[in-house]
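We just call them A, B, C and D in the order they show up, numbering each chain from 1.
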Amino acid sequence: MTKQRLEAFSDGVIAILITIMVLELHEPHGAELADLRPLLPKLLSYILSFIYLGIYWNNHHHMLHATRHVSGGVLWANLHLLFWLSLVPFMTSWVGENHAAAWPTAIYGIVLFFSAVAYTILQTVIIRVDGNESLLARAVASDRKGKISLLLYAAAVGLSFVQPWIADLLYVAVAMIWLVPDRRIESRLQTQPAD
Amino acid sequence: MTKQRLEAFSDGVIAILITIMVLELHEPHGAELADLRPLLPKLLSYILSFIYLGIYWNNHHHMLHATRHVSGGVLWANLHLLFWLSLVPFMTSWVGENHAAAWPTAIYGIVLFFSAVAYTILQTVIIRVDGNESLLARAVASDRKGKISLLLYAAAVGLSFVQPWIADLLYVAVAMIWLVPDRRIESRLQTQPAD
Amino acid sequence: MTKQRLEAFSDGVIAILITIMVLELHEPHGAELADLRPLLPKLLSYILSFIYLGIYWNNHHHMLHATRHVSGGVLWANLHLLFWLSLVPFMTSWVGENHAAAWPTAIYGIVLFFSAVAYTILQTVIIRVDGNESLLARAVASDRKGKISLLLYAAAVGLSFVQPWIADLLYVAVAMIWLVPDRRIESRLQTQPAD
Amino acid sequence: MTKQRLEAFSDGVIAILITIMVLELHEPHGAELADLRPLLPKLLSYILSFIYLGIYWNNHHHMLHATRHVSGGVLWANLHLLFWLSLVPFMTSWVGENHAAAWPTAIYGIVLFFSAVAYTILQTVIIRVDGNESLLARAVASDRKGKISLLLYAAAVGLSFVQPWIADLLYVAVAMIWLVPDRRIESRLQTQPAD
């Protein structure tokens, strides 16, 4: 039951985060097509953040599917992840408003970086509870995608001060890497059921 | 379990979308009945969008009830549908503010059009996973209502530039078509249980 | 399953409605106790609406617990109820801003009136599906509380134009009547399980 | 089933509360790092409130896990708790805007105080329904943490008028006390299953 309620709460928070971002797309002041133009960067940053939150929901879903035990530590590691994700709508709005500026672009990357760190912590805490022989431990053994993402986020944060659009490209690239759902877990799940 | 969490997440997002639209009904500045009058087009567009999201929730509910397997592709096709639906509150607000204008009316239709396309994609992905002999495949075999809706949305987008209220009538007409829940699936479910 | 998802969706919408009302309590402009004073009527209308939505959640919960079958008609009757409830935050905000004015007070009552009508319709549709011998049918046989509420709402709407605070008292009175959860169903449930 | 729906509804409300607080972090007006500085107290109060709501969700989760019966009284005691928690985002925003001011700091503590009172009431109502020999009754027998928290909140409210930052420190201290999840219940649950 604990696991089920953890999933339900996380689903709730991520569902709300993914949806309230749209509240930042304020209706344009005029009724012409041209009035939508200034919204374009906001819409693009909304789409990117929507994909990122979708990726987190997807991977979170796979990870918990492979989880056996939920301890107090897991609950807090999960809340820690949700905290960083909760900053995404705010950063999306700021970077959408100032898409060519260095600092918003960099701090968007910092939020993504710490979200990824929080996800890794959650993964580590679950594995510590479930044991090194657990399904999840073997599925994410090397966690290459996780490490590459952290590197690319860090690079993007630095490059924001050179050319913000290079950082933007890197954010898109990391999303692409993850758009493929975590087949490591999915394939293991098919050969060995989690519960 | 995967299917259950997909339903819960989708329910969450649609429940939030259907509710935050009401945040755009800002309280009038005065306390007289006349102060409500400028809100009338906003209220009407809210009602129409409420019905549309209700229809999507309803049909999504029936479709997933008939679904057997959920793959990574289904998860993403579902997120894609939720993305288009997430633009509905924003468009509702814009069209409510400019109900007699061509572009808002047209783009409202474009969002509805792509929502319907995304729904069809989700349906196709599920059928590909479940097989052509599956309950869902046989229930939506010709999908006439889906095709007619796409045609009417396209017509409405074009007619927005002639007379916006004709487009509005078409949006109401499509809603009417769907208000009757998808009896094809419902009736099949009664003769053959989904799981 | 259908019933479970209907409950989950309704819970989601009511949970969001009860929570977003608080977004209308905008932080005061100063940092003194006196700066909270103009918020007082807003806070009081928030509390009353919070109690009303709590009552609806509570009774909805009891009613669905006693429900056996969910048809397409039940889904739409439920969405119809949620629609009226979704107008509560908007009206709460308006009446909170203009607590001594006739029209906001009257229209608050009209929204409550139609919410109650929608609840009665939902109840009737469920009973039609479940049959007159069903648990729910016998539990709400006379539905005296429902009828008295409708009368009091109607009276309050009229009295809003005489003295808004008399209408306010009536709204509080109806809430009091319902604060006692629907023991008719609860007591029947204890002697005869619903499923 | 009743218990499950109570959990789902509470999860929904707490998930929404924890998330809408982030809507108060309005994007800064400029694109420089310095433009984030005025947001710092708001961010800090957001973090503290996020932790508080996380604690409530966590403890609520443990408490209901140990609960056997849900009566009408439990439903209302739960709504009463949710009411006080629903004021947290509003107070977070006010105290974030006026972090050095006495009244916002004091009233933030008053909301925390009454949230704790409401939690204690809910606990008491559940124990009355479940019986003094129940798992929950024995787990929270002395409830020392609960009593200390109430004392510290009361002290903080008073000290807000001397030095607001001392009150802030006390709020942090109480959060620290609770960050350790309620091991009393957790440890009992391991030796004796709740259902």
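The rule is short, and it goes like this: contacts are C-beta pairs under 8 Å (C-beta built on N, C-alpha and C of every residue); 3 or more make two chains touch, one makes a residue touch a chain.
Since we're looking at a predicted model, the values are computed, not measured.
Trainee: What are the mutual neighbours of subunit A and subunit D in this structure?
Mentor: Chains in contact with subunit A as well as subunit D: not a single one.
Trainee: Taking only the C-alpha atoms, how many degrees of rotation bring subunit C onto subunit D, rounded to the nearest 5?
Mentor: Angle of rotation between the two copies: 90 degrees.
Trainee: If I average the CA coordinates per chain, which chain comes out farthest from subunit B?
Mentor: For subunit B, the chain whose C-alpha mean is farthest off is D.
Trainee: Are the interface residues of subunit B and subunit C largely the same numbers on each copy, more than half shared, or largely different?
Mentor: Answer different: the two copies use largely distinct residue numbers here.
Trainee: Distance between subunit A and subunit B based on Cα centroids, please, to the nearest Å.
Mentor: It comes to 26 Å between the two C-alpha centres.
Trainee: How many angstrom lie between the CA centroids of subunit A and subunit C, rounded to a whole number?
Mentor: Here the centre of subunit C sits 37 Å away from the centre of subunit A.
Trainee: List, in ascending order, every residue of subunit A touching at least 2 other chains.
Mentor: Residues 8, 12, 16, 20, 23 of subunit A each touch two or more of the other chains.
Trainee: Graph of touching chains, which shape: line, ring, star, complete, other?
Mentor: Graph shape here is a ring: one loop, exactly two partners per chain.
Trainee: Taking the top-of-page definition of touch, could you list the pairs of chains it picks out?
Mentor: Going through each pair of chains, those in contact are A-B, A-D, B-C, C-D.
Trainee: In their shared complex, at which residues does subunit B touch subunit A?
Mentor: My answer: residues 1-2, 5, 8-9, 12-13, 16-17, 20, 23-24, 72, 75-76, 79, 82-83, 86-87, 89-90, 93-94, 97-98, 101-104, 107.
Trainee: Write out the stretch or stretches of subunit C touching subunit D in their complex.
Mentor: Touch residues, subunit C against subunit D: 7-8, 11-12, 14-16, 18-20, 22-23, 25, 27-28, 31-33, 35-36, 47, 50, 54, 57-58, 61, 65, 179-181, 183, 186.
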